């Protein structure tokens, strides 16, 4: 990991000094080790804070919507999952590709800070990708215990980049990403209802899921738009919790790359990705396997059809 | 402040017998915004309409709700009523209290309650209505016909006859298409050239018709009434205006080994040639692949020989742009390639020919001057075997799943003509089914059997092989339950037909939809068979589906009638209930354009002020009012809610939902 | 239970496309083929105009059942509208089911302008199903309660 | 076993949809063993669709079909007459119980005069 970071830093410095790019989009060190955050670096000096390690879970692609509107070219480091979002944004004309220099970087899974905190962790003492564990408060955790949910099932590969920095082969996941969706589907309607009521009632409508989502890049969200007919700044009742999440999932259906950012950032730990993944599973089952962001030209499943599509009445897989 | 008038119709006893119309009027009067609420026996009658008109004037109504029969019945009537009283016609909403209330419910209390709810719902919607005006767009009074076969020729002639200008764009060097290659035509057996060439000449002489041969469509922009089309006029190396078609150059050309396309490659032609004697335009063309002068700069004999200096070896492709109000697609067909059908030996044996090749072999202007000889040794064939459905009705993937429709009839024609002209020839036809619906068609086919003694064998051919100089045709005779082998001199394959390959590209350019077999889709299979779903695009001939000459001609004329109907209008009134994009919300993601069946949505980069003197350029969607038909597919596809439909806006529909659900 | 149902009648919103299903409803009317008054029809140009938001909104406001009717696939007045509607509704209904909401509360039916009898039959069936399910508690709106 | 059940099994094992047949007879037109067959390839498709399994099971065509698959190759509708013949043949063999060649005995039967097609056919049968 250290070596990877060195290579990336080198690349960033070279491109900055050659003037090929004017800014670098990457991750910045925090004070506590695990509190890494996305950042735009504008000088070689500022790159002192640059970091790439197991805490760099954040998806950088969405920042490019604004960043590529600015003058000059920006270098961005994209993990495999980020690049699918990046492609989807290119497809939707949200990013100006000419203004980005993309470098794909190896990723072997990132750590879920919430899981760390659940274990009472305040300071990370050391982490070592090679030996695959993290030491915190003198306690060792294997990565499997504290890895992000999205990483434990990640099958994404490195797509087309201007350049790739990768040392080791990516490990393939041992879990099926639809496992939980299937489990829910096999429950009774009452059990499912109870599950979601329990989960969604925790929603505090902080909008973090929406704000982090690379597919949610609307100028103004329908929930903030008084003219949309469904504007709601906060949930006024239990229905609106459902409404918000159903509509949000529906709006990104066929466009969601399953990057898992929504669940990563949810302060209430609601497994929001299970909603998106339900749509992805249904789309794969009903209309053929589709991975949003895998390319930049294909029609999405909801903007396409075949004459033989199933009828809604024949769909329910529950 | 809105001033709404509610008008409850009795419809005689149709409504009044089950709905307490007075109560409905009374209750709705109490709704906020309602200033007048009336009931009347027949609201659609002159008196009823007068009631509405007067109320509009007297109370200065801003909107009208009519509780009456279905809007499909009288919405247009009441819109006109309001318009005549100075109210925008789209400020009218109808509550359907007859078909959807009084006629289906018996209980008066229940029906009355429902009528009130429907009325409320209409009022709720009306409050969010905005005056709408139908946009107008001018119509360019000129039509483009793509394809110069019989379909395109007929459409063009009919359109020109009505006084409009037409351009025919044809990709080959002459118009005439496949029909020009035919010998005789069924079911009357008149000669194809005799009935086609006068039409071709008519086209050439008609001052309203401009023929552009050896030309292709480069791009199509615009919409119904206002298409902008770029046409590539490919270099023919002969000045069309100067060439007189004397043919002197053809005699002198030393490079004579080009395959003659017009004769299906059965003989050769010089590098400079006129496709056939009656070609329109009757102008030579040089094949640059074959011309010695163009290839290696040595020759130039034709230029020396040409009295009018028409030869220009340096001619380049030229792109011209023209505007049209309507586009007719008449791209026609071609026989399929037979590479998947090795069992019939088409590529192995010279004497296995397609039906279209046979047409040339029988044609007086063909390679054998009309004397039917087999290609291998130019001897008269004594046994001829026809095989039908070669590649038609084939779902195995080798051929086409559909019936090519014309083969049964032309095979009967060929069989009959051969037996007529060469009575000592034995003719066999292998068939699966003989399909002859059409006036005098079955009689025609029966004549082949009964009068001319053509041997029809129900069954398919399994293989064709050579033995002792004969083509052995081995197949099933299902009626006699036998496997038969017929030693033949000539084998004729009724190859399936498929749309001209150029149609795919053209369909994309004009945003016309196309089916899995590359046939263009009609707007409605039964009721709008000559129109494409894309406004202003019309379908003529086989590009829409297999058809014979009589059918093609009638469809071509029907198509022309539709074009004339369009071009006769000075202005097109657009649908008022169209989609529109809120540019402040639009992210330019292209999702809406993906679902638009009409190609009405395009994107522009627009500059927006951000405040503080800053601006930002954003890609936003714009809807062409003239093209949008108002289905609303885009409004739901749009994730940001920027797309909305006038007359059926999100807020309006949700207001209706609210009103209905209020208990 | 019967008593309660009589007091509180179910509320059913039917979105009908203008060209086929709304005309089918008109035909049901002119053929005097009755269906419960609980069904209230909202006219939309095409089934593809039905936004999932409308359906959720109806449930939020207290609807007990929502049905969407459109032209038969292949017969859409706008050629492709119902194909898109079919995909959208398939996914949306599947999602509602996933959230544990009774699957019978939503339905899509293809009703042509000639199928007045079918329209009436569909509405009768749907209404009786909704009656059976009773009040929509899982998607209720607190504000709409007294 | 009931007759309908046999028909169903044969159809299932053949993996072909006899209803797709448009009765063109191309299969029989191509068949090299046609003259040695009492029931012709196209008739197999027709009989199985009509449920007349008894006739097929008694047919000598079961043993004259070369399994050359020319009929399958040539069918314009994707129907496979040879598969039907093979499925009927299978059924007859199964009903005969132990009256079949065992895989172990095959090697001892091989000599250079046995046509390869026969061997292939034999293995195919024994595989099932």
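So that you can tell them apart, the chains are marked A, B, C and D in the order they are listed, and the count of residues begins at 1 in each.
Here is the rule we go by: contacts are C-beta pairs under 8 Å (C-beta built on N, C-alpha and C of every residue); 3 or more make two chains touch, one makes a residue touch a chain.
The shown structure was predicted, so the numbers you read here are calculated from the model rather than taken from an experiment.
K.L.:
Write down the chain pair with more C-beta contact pairs when A-B is set against A-C.
P.N.:
Comparing A-B with A-C, the pair joined by more C-beta contacts is A-C.
K.L.:
Give, as an integer number of Å, the spacing between the C-alpha centres of subunit D and subunit B.
P.N.:
Centre-to-centre distance between subunit B and subunit D: 47 Å.
K.L.:
Please tell me the distance, in whole Å, between the geometric centres of subunit A and subunit C computed from their C-alpha atoms.
P.N.:
So the centre of subunit A lies 36 Å away from the centre of subunit C.
K.L.:
Please report how many Å separate the Cα centroid of subunit C from that of subunit D, as a whole number.
P.N.:
Here the centre of subunit D sits 53 Å away from the centre of subunit C.
K.L.:
Which parts of subunit C, given as residue numbers and ranges, touch two or more other chains?
P.N.:
Touching at least two other chains: 52-53, 57, 80, 84, 88.
K.L.:
Where in subunit A do residues touch two or more other chains at once?
P.N.:
Those would be 222, 228-230, 302-303.
K.L.:
At least two partner chains per residue is the criterion; list those residues in subunit D.
P.N.:
Nothing qualifies.
K.L.:
Considering every pair of chains, which are in touch?
P.N.:
The set of touching chain pairs is A-B, A-C, B-C, B-D.
K.L.:
Would you mind writing out the residues of subunit B in touch with subunit C in their complex?
P.N.:
Residue positions touching the partner: 70-73, 96, 98-101, 103-107, 110-111, 113-114, 117-118, 121, 513, 521, 523, 533, 577, 595, 597, 629-633, 635-637, 645, 648, 650, 653-654, 656-658, 660-663.
K.L.:
Sort out for me which residues of subunit C touch subunit A in the complex.
P.N.:
52-53, 56-57, 59-60, 73-74, 80, 83-84, 86-103, 106-108, 110, 138-143
K.L.:
Could you pull out which subunit D residues touch subunit B in their complex?
P.N.:
That would be residues 20, 22-31, 34-35, 40, 42-43, 70, 74-78 of subunit D.
K.L.:
Once bound in the complex, which stretches of subunit B touch subunit A?
P.N.:
Subunit B residues touching subunit A: 584-591, 594-595, 603, 616, 619, 637, 639-641, 650-651, 654.
K.L.:
So in the complex, which bits of subunit C are touching subunit B?
P.N.:
11, 13, 18, 22-23, 25-26, 28-30, 32-35, 37, 40-46, 48-54, 57-58, 61-63, 77-81, 84, 88, 120, 144
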